[in-house]
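In what comes next, chain A is part of two complexes: it sits with chain B in the first one and with chain C in the second one.
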Partner chain A sequence: MNNTRNYLCLILIWSLAPIFWQAYTSFCTPEALIYPLKNISNRWTLENYTLLLSSNPSFLRYLLNSTIVGISTTFLTLLLAIPAAYSISKIKPIIAGWVRLFLLSAALFPYVLLFLSLLEIARALNIGNNLFALSIPYSALNMPLALLLLSSSFKDLPIDLEEAARLEGLNLWQRLRWILIPLIAPATASTSILIFIFSWNEYPIALTWISKTELLTLPVAISRIAGSSVYSVPYGAYAAATVLGSIPLLLIVIIFQKQIVSGLTKGAVKG
Partner chain B sequence: MIYILSFPAAFLLVIVFLLPLFRYSWLSIHASSVITGLEVIPNNGANWFRLFNDERFWTDYMQTLRFAVSSVSVELILAILIALLLNHRVRSKDLVRALTLLPWALPTTVMALGWRWIFNTPYGPIEQIFKFLKLEPINILSDPNLAWISTVIGDVWKTTPFIALIILAGLQTIPDDLYEAFRLEGGKPKQAFFRITLPLLKPYITIAVLFRLAQAFGVFDLIQVMTGGGPAGSTESVALYSYLNAMRYLDFGYSSTIMIASFILLMFACVVCWFIIYNSKRLFQKSKL
Partner chain C sequence: MTLVLTKLGRYIGNSWIINDLSFEVKKGECLALLGPSGCGKSSTLRLIAGLDKPTKGSIFINKKNITDVSPVERRISMVFQSYALFPHLSVAGNLSIGLKIRGASDSEITRRVTSTLALMQIQDLAHRKPSELSGGQRQRVALARALLRDPLVYLLDEPMSNLDAQLREELRPELRRLIFHGEQPIVYVTHDQQEAMAMATKIAVLNNGKLEQIGTSKELYKTPNSLFVANFIGRPQINILSPRDGAYLGIRPEDIYFSETGISGKLIYTEWQGDKQLLIFDTARGKLRMLCNGDINVPDSCHLSWSKGKEHHFDKNTGCRINPQ
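Coming up: the complex of A and B.
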């Protein structure tokens, strides 16, 4: 038992040490970073943070952009996925197998390979540099997982329930609105969290669709701070950006970990 | 007809997943680059001939495969160990699980830069530890033979929690009675792992490995931010190569060819992998009780 605890500590150190190092770096002056072991008087500073927040546009703008994309994607995906998942849960088993295979292979697909075509679409429709438009490809990329999770939880509901509601004279919309959708709320919650995290973190499509500085999402903005040269990365400012960008996710993981865990495992198991 | 309800979602899926594949197939037999003034002109499969003779593409393919296979196998082994640990009755298990999940939830670009700073010479912490231990410091990020290992470390750090979670879900479906019965029959704990745990985990392992293999094969963020494909192209992945072709060399025809080719090669790799797991009888032998 004691051994188990030691190993767990080891795992925690491995998972958290790089994050702590970022946090430590973000409070250091450049001199302190160059001489990490020497005893310097001006080791600690908040300058990295003030620099980030006072830059133009302020770093908070990127946090806001990512939040906008995350929320609009979650909303759009659920709007399309819930009715679709309901109808998938009603298909005959033979066809349902093929649908699931298609959804699963779409979920496995390394979507990076799609960026060029998506960029062409964005240019043709003139929807680049628009945060809300970004949620269209994002919600498509999240659709397979959302459909798998939601349709399997629709299927888990007892058939008699819907039958009874139908006999009571409720039409399809009323049955969905008042009976079925409230009952799959747990699955909807975990799907939403996973969609939000994906959209918050997505990089290649945001990188190619958004070019205006004030519209960048957080991951792209952070990679821009770093610039392109290995030697010129302003690590202090960058680490501060990491910390600010990680706090929302830290909160999400701690608050919603049950939903995340059930979403990820059900997504894998049902598929 | 309730199937109408699924049309909007299906339409979106077709636009985002199928349309690009057709578009790439079509572009891959056309020239469309700065030279043609971005006009799309048929070029009799010249892109494909170029691809077969393109040493850089095949090097990148092997590097991508090396990255994917080594990171997924390390992740799988670590994940099984972590899942076995978390499957014990542990105090504050939820907190531990949440904290181990954190690397998975953070944006890849963010921690790719974090790792770049950690491996930085001469100021990064790894270098400091080496100095402290009076060891010869190695400059892992600028050594063409070693740089790929640093990308594997970054990937293992980030995605092991994901696999561990799936394996843990699998472990929790195995009833304790099975182990009890095995023990009463005189089986040793170590044998129980190979004869009960692994065979019953097989579906979970399969799905986790296939999923991770496909994702690792399309690795882009991590490498673009952490090494930029360098040093000397030694960490460049096929996704990065096709990105460079499209966005830097503005050769859309050839970029599409690379994407289609990588897609075909990936499917091939997945089928091989699935075949290996499904035929590994020795490893997954069901125990006869």
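Coming up: the complex of A and C.
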């Protein structure tokens, strides 16, 4: 018992320490970072944050951009994935098995290899510098994962429920709307979070598709934070940006914690 | 109202899970489909409900062929073994969703849901979720939902198999009070012959997707048409003696009595059942089960006999009943 607790503490330190270090760094002056143990007068500062928020455009603008992309990606993916996942759960097991295999191989494909060709497509279609257009490749990249998660949760629903609904007179759309989609809500919640996190973190496509400063998403914007000269690295500003960038994700995870956990563990135990 | 099945068959994979099934359930009648697991009784119910399509044959409700009619338009109520209550909806929500979809007005929905809840005596549960109900309560909600449909036919798929024995006995009279007095034919699937006898006016015994025999419980017990029915109906199981003259001889444990002129047997097992006791004897014709009065002290070896009239004969090859000339 005691051993388990020690082990848990170790794991927690392992995963949380960098975050705390980042938070600590974000409130430090450059001098304090260089001399962590020295007794200096101006150790603590909010300058990193004020710098980010007062820049033009303000850092909040990038947070907003990323939020827009995240929400539209999640929405687009679910819109396409839920009906498709339902169909996968209904087709013959042998065909569904093949579909799953293809989805899995698509999910494992290193998408970085795609970004140059994607850029060509964006150019040809003239959809660069458009936040909503970004959610098209994002939702395509998330589709395999979303389909795998959602179709297995559709499959876990007792068949009796849908048949009872059929006998009650609900047509396919009504069954999805009133019975099936509400019942897979936990899986939908956890899938949404994963999609949102992906689009929040995504770098290569955002870098190549968006060139206008005011449309940059968070990861690209952070990479463009510059110091006072080419020779200085603005550690404090980076740290502050990271902290600001993780707050929305943390909030989402805290709010939807229950749904995420029940969604990820669903199907593990028959209830 | 009547329900008629003619030569119904369903072919899946490479076998007939239901084959040449024909029967008629008249108004107010309850037919129990009885058989071991996998005999096709639930599949039959699904065909009647319209959840599956038959490969051949037809289904008629009130003389109208509904074989190709959608489940909704068949106006059928089905109670599922798992109850199939919608877990995210309250009891009232479970009852009202069908009415809502079928376009009933709000006032009508409220009126009918309230009256059905009252009929089932579950008014207090209206706002609970299914997960907050006990097994018996869920069963009542499932029944309430079936009643609310105002169907032409009731289908019940092992409605009590998830309940404990005591609750089952309590609910039987109630189930009969609620749905067994109406115009509608009822098809009741069960694997429990006690329940079939208690609930049904007629029993159909199914085996491997085929109808073995249909009749009242008395008919099935007294004149089983085949070896299978004889074995399936009646507990303790009928004694089947090794074949002589091309026929198996069946004799029910309760028809055997002690007699000095009978065959001798050695008592090898006793099971006391309260008023009765089950005895198993080792005899020259194999093991014999016998049911006798619980108060008798049975000696270790005795002589057993039975009257000729109580014998059942079955063909050695086909298993069909041979009636005595």
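The working rule: the second predicted complex is superposed on the first by the 246 of 271 C-alpha atoms of A that agree within 3 Å, B and C clash if a C-alpha of one lies under 4 Å from a C-alpha of the other, contacts with A are read in each partner's own complex, and residues count from 1 in each chain.
The rule is simple: contacts are C-beta pairs under 8 Å (C-beta built on N, C-alpha and C of every residue); 3 or more make two chains touch, one makes a residue touch a chain.
Everything numeric in this text was worked out from a predicted model, so none of it was measured.
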Based on the superposed arrangement around chain A, label chain B with chain C as either clash or fit.
fit
More residues of chain A are touched by which chain, chain B or chain C?
B
Now for A:Asn65: first (chain B), second (chain C), both, or neither, which partner does it touch?
neither
Applying the touch criterion given at the start, work out whether A:Arg166 contacts chain B, chain C, both or neither, answering first, second, both or neither.
second
Examine A:Ser26 and indicate which partner it touches, taking first as chain B and second as chain C; both and neither are also allowed.
neither
Looking at A:Ile179 after the superposition, I want to know if it touches chain B, chain C, both of them or none. Which is it: first, second, both, neither?
second
Quick one: is A:Pro158 in contact with chain B, with chain C, with both, or with neither? Answer first, second, both or neither.
second
Let me test your reading of the model: by the given contact rule, A:Thr74 touches which partner, first (chain B), second (chain C), both or neither?
neither
So if I take every C-alpha atom in chain B and every one in chain C after superposing, what is the smallest distance between them in Å?
16
Which residues would you name on chain A as touching chain B in one complex and chain C in the other?
none
Report the residues of chain B in contact with chain A in the complex, numbered from low to high.
2-6, 8-10, 12-13, 15-17, 19-20, 23-24, 82, 85-86, 88, 90, 94, 96-103, 105-111, 113-118, 120, 123, 125, 128, 132, 141-142, 157, 161-162, 165-166, 168-169, 204, 207-208, 210-211, 214-215, 217-218, 220-221, 224-225, 228, 239, 242-243, 246-247, 252, 255-256, 259, 262-263, 266, 270
Partner chain B, residues of chain A touching it in the complex:
1, 4-5, 7-8, 11-12, 14-16, 18-19, 21-22, 25, 33-34, 36-37, 80-81, 83-84, 86-88, 90-91, 106-121, 136-137, 139-141, 143-144, 147, 172, 197, 200-201, 203-204, 208, 218-220, 222-223, 226, 228, 230, 233, 235, 238-239, 242, 245-246, 249-250, 252-254, 257-258, 260-261, 264-265, 268-269, 271
The answer for chain A against chain C in the complex is residues 158, 160-161, 163-170, 174, 178-179, 182-183, 185
Given the complex, residues on chain C that touch chain A span 49, 51, 71-72, 76-78, 80-82, 84, 86-88, 97-98, 101-102, 145, 149
